[in-house]
Amino acid sequence: MAPEAHTDKIFDVELTTLRDKLLEMGGKVEAAIAGSVRALIERDSALAEKVKAQDRDINRLEVEIDDMCRRLLALRQPAASDLRFITTALKIVVDLERMGDLAVNISDRAVQLNQSPPVKPFHDLVTLADLSEAQLKKALDSFVEKDVEKAEEVIQGDDLLDTLYQKLFNDLLTYMMEDSRVIRRATNVMFAAKQLERFGDHAINLAEMVVYMVRGTDVRHPQSRDIPKP
Amino acid sequence: MTLAQDVATRVAPQHRDERPAPPKPTVAPPNPPSRSGAADEEQPKLRISGLNAWYGQNHALRDVSLVVPPRSVMAAIGPSGCGKSTFLRCLNRMHELVPGARAEGTLLLDGEDLLSRQVDPVVLRRRVGMVFQRPNPFPTMSVRENVAAGLRLNGLRGSHDEIVEHALRKAALWDEVKDRLDASAIGLSGGQQQRLCIARALAVQPEVLLMDEPASALDPIATAKVEDLIHELKENYTIVIVTHNMQQAARVSDQTAFFYMGELVEVGPTEKIFTNPDKAQTNDYVTGKFG
Amino acid sequence: MRSLGWRRFVNRFWTVASAAGVVAALVPLASLLWLVVSHGAAGLSLGFFTNLPAPVGETGGGVGNGILGTLLLVALASVIALPVGIGAGVFLAEKGNGRAGDVIRFVTEVLSGVPSIVIGIVAYGLVVAPMKRFSALAGGFALALLMVPTLARSTEEFVRLVPGALREASLALGVPKWKTSLLVILRTAAGGIITAVLLAVARAAGETAPLLFTALNNQYWNFRADQPTASLTVQIFNYAISPYEDWHNKAWTAALVLLLLVGLLNLLARLLSRNRMEGAR
């Protein structure tokens, strides 16, 4: 019998709009990372340019969402679950915008690589990309569904991502040591891989904020502090 | 015991030595650890268990249990008719003034059961003072006489000038009225009248101060002054405040109790209630989904 | 829609009609004052206030004992009526919602409707007969019976007017209920109650019938409660029904004195209530 809607309907509308905008931004970031990786692997510079152009939308959304959050804080004095949602939005938006920038960086690497002859395919790169995209998707899903377990899976999944990145890094290093003519190109691939690893880190930030939003406990930086009991 | 003995046993020497009050810092205290009750180690000032209250057939309070630590502020929030005012009035047995009202349960003030027949409600009300929603100074008395009313009406003769000044200082009203102590109390503004009522309550040297929506009839500046006053009073008194205004409860209290339909739904540190309450119902009320 | 002209006319008509009503009401009052003043002023002198009545034909008599007697009677009446009337009023206001309250109110209503001559007879039967003498006490008793109903009703009204918040404030300070009623409620209602007292006293001072066979009359100064006493009203009565013109003149003058006395009391009541209003602002 718990009512879902606020007595003040406009507030409900505002919160829904905020959620929709966040999801729109999340969707654009997903598209950006997928596009930039495809541009890298399929050597499609046009697609890379398109991804870079679309980063403008992501940046615009960041500003809009920040504005909305500030407005809600000033005018609505939100409390409890509403407060957690809005402060989560403020933090998620930062991670999402950075993730957009990472996709742009990958696109830059793609454009660079396409000016040289192709380098040997690295399956691990594709796997790393797939994993990072999956982490983001799962984190966004956990946000929409308010699913703490899914968010925790994202947090746990970072180890695999790091391991994969390390392997790719070592492989690229070996590749460079074997043939010094590929160093420039291999370095670009390494940068791209690094962006993907950082992409995964941002997805974890997102998931940690989802845990806070739903449970009310802040689980960030477990090594630096005592995690409060949920 | 007579009022003289009663007051004499409770007038702590340090109250008198506080004059003149040092200038208060205008900034908020640097760290508010006391907000979560630094007094956890001490005995609770008020311990309520299984409190039930009826107005005739209407079961207004159902099985309420909570603990109020000393020198802290407990806010009671909830929608209209939830029983928070009834609860407040049980604490100084003012509910008995309504014909057909009765209360059962345990209500311990420093371990003494207030609801027992041995306790005289009149004596109790000198230990547990009350401030009401609308300022109600006695219209035929001056400012000075109003503040001293609690003492004079109980037969304590004498000028009480020291106590009057002390109470007015404690109520942050001294500077505004020190030149017009003998003027009629009705000539003060609404906010000043309310602080006068607070001074009047304080003059009897209570241990607990009950406030029933004390700022709801005041403008925002006067409200802010009263809230600031509550922060100061918290150092010496235990305060229970009923308020409709959730933001006020959030600003002013250390603990918050949420009442609904006569039941105590949840009680806890104010910060928790307003960021991450345990009960969904509390969350719904605090976010404005009902009430 | 009526025309503006018609409405103006109706407005003016009723304004004039109400003004005429006021004038009509004032005419008897004005004529009364005029008569009393014109007939009685001549006899006013210091001696009139201080001398005993003189036998017929002699000059220089006064109504000194009458004035004193009225004051004495009113004082006695007040001593009886004030505690009873105010006490009943406070009771009715505080606890008067049950059977007891209904009964008291009913008795008060009945008493206020009893003709004053009947009150006099009652006082005769209750006080004069057992004491076997006419006395100021009996007269005071009769006047008290007249004062109690209005006092009780007015006190009840004024006490009810005191806001409940004041009672709550007092009780919350740990003041016992009875002290709250007495020292806070009553004190707040005091202004109104004093006004009511003055009006009741003014009325009692002007009564004649109840005094006729209770206090009777007295040619001399009297300071004792157990003796018959002169009073302004009875004195006027006696002078007026006498066949002597000289006494008729004295009656007019005494009437003027009585009017002055009553008027003074009313004025005092009016001033007090205005002060109270202004003090409250």
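Each chain gets a letter, A, B and C, in the order it is written, and its residues are counted from 1.
Methods note: a residue touches a chain if its C-beta (ideal position, glycine included) is under 8 Å from a C-beta of that chain, and two chains touch if they have at least 3 such contacts.
Source: prediction; values computed, not measured.
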**Complete:** With centres defined as the mean of Cα atoms, the chain at greatest distance from chain A is chain C
**Two chains joined by the most C-beta pairs in contact, as defined above** = B-C
**chain A and chain B: spacing of chain centres that average the CA atoms, whole Å** = 51
**Prompt:** Measuring from the mean C-alpha position of chain A to the mean C-alpha position of chain C, what distance in angstrom results?
**Reply:** 94
**Asked** Approximately how many whole Å separate the CA-defined centres of chain B and chain C?
**Response** 48
**Contacts with 2+ other chains: residues of chain B** = none
**Asked** Which residues of chain B touch chain A in their complex?
**Response** 246-247, 250, 273-277, 280-284, 286-291
**Prompt:** What part of chain A is in contact with chain B in the complex they form?
**Reply:** 2-8, 11, 77-84, 215-217
**Asked** Inside the complex, what are the residues of chain C that reach chain B?
**Response** 163, 165-166, 168-176, 179-180, 183-184, 187-188, 190-191, 279-281
**Fill in**
In the complex, chain B touches chain C at residues 3, 92, 94, 97, 122-126, 129-130, 132, 134, 136-140, 149-150, 153-154, 184, 186, 197, 200-201, 204
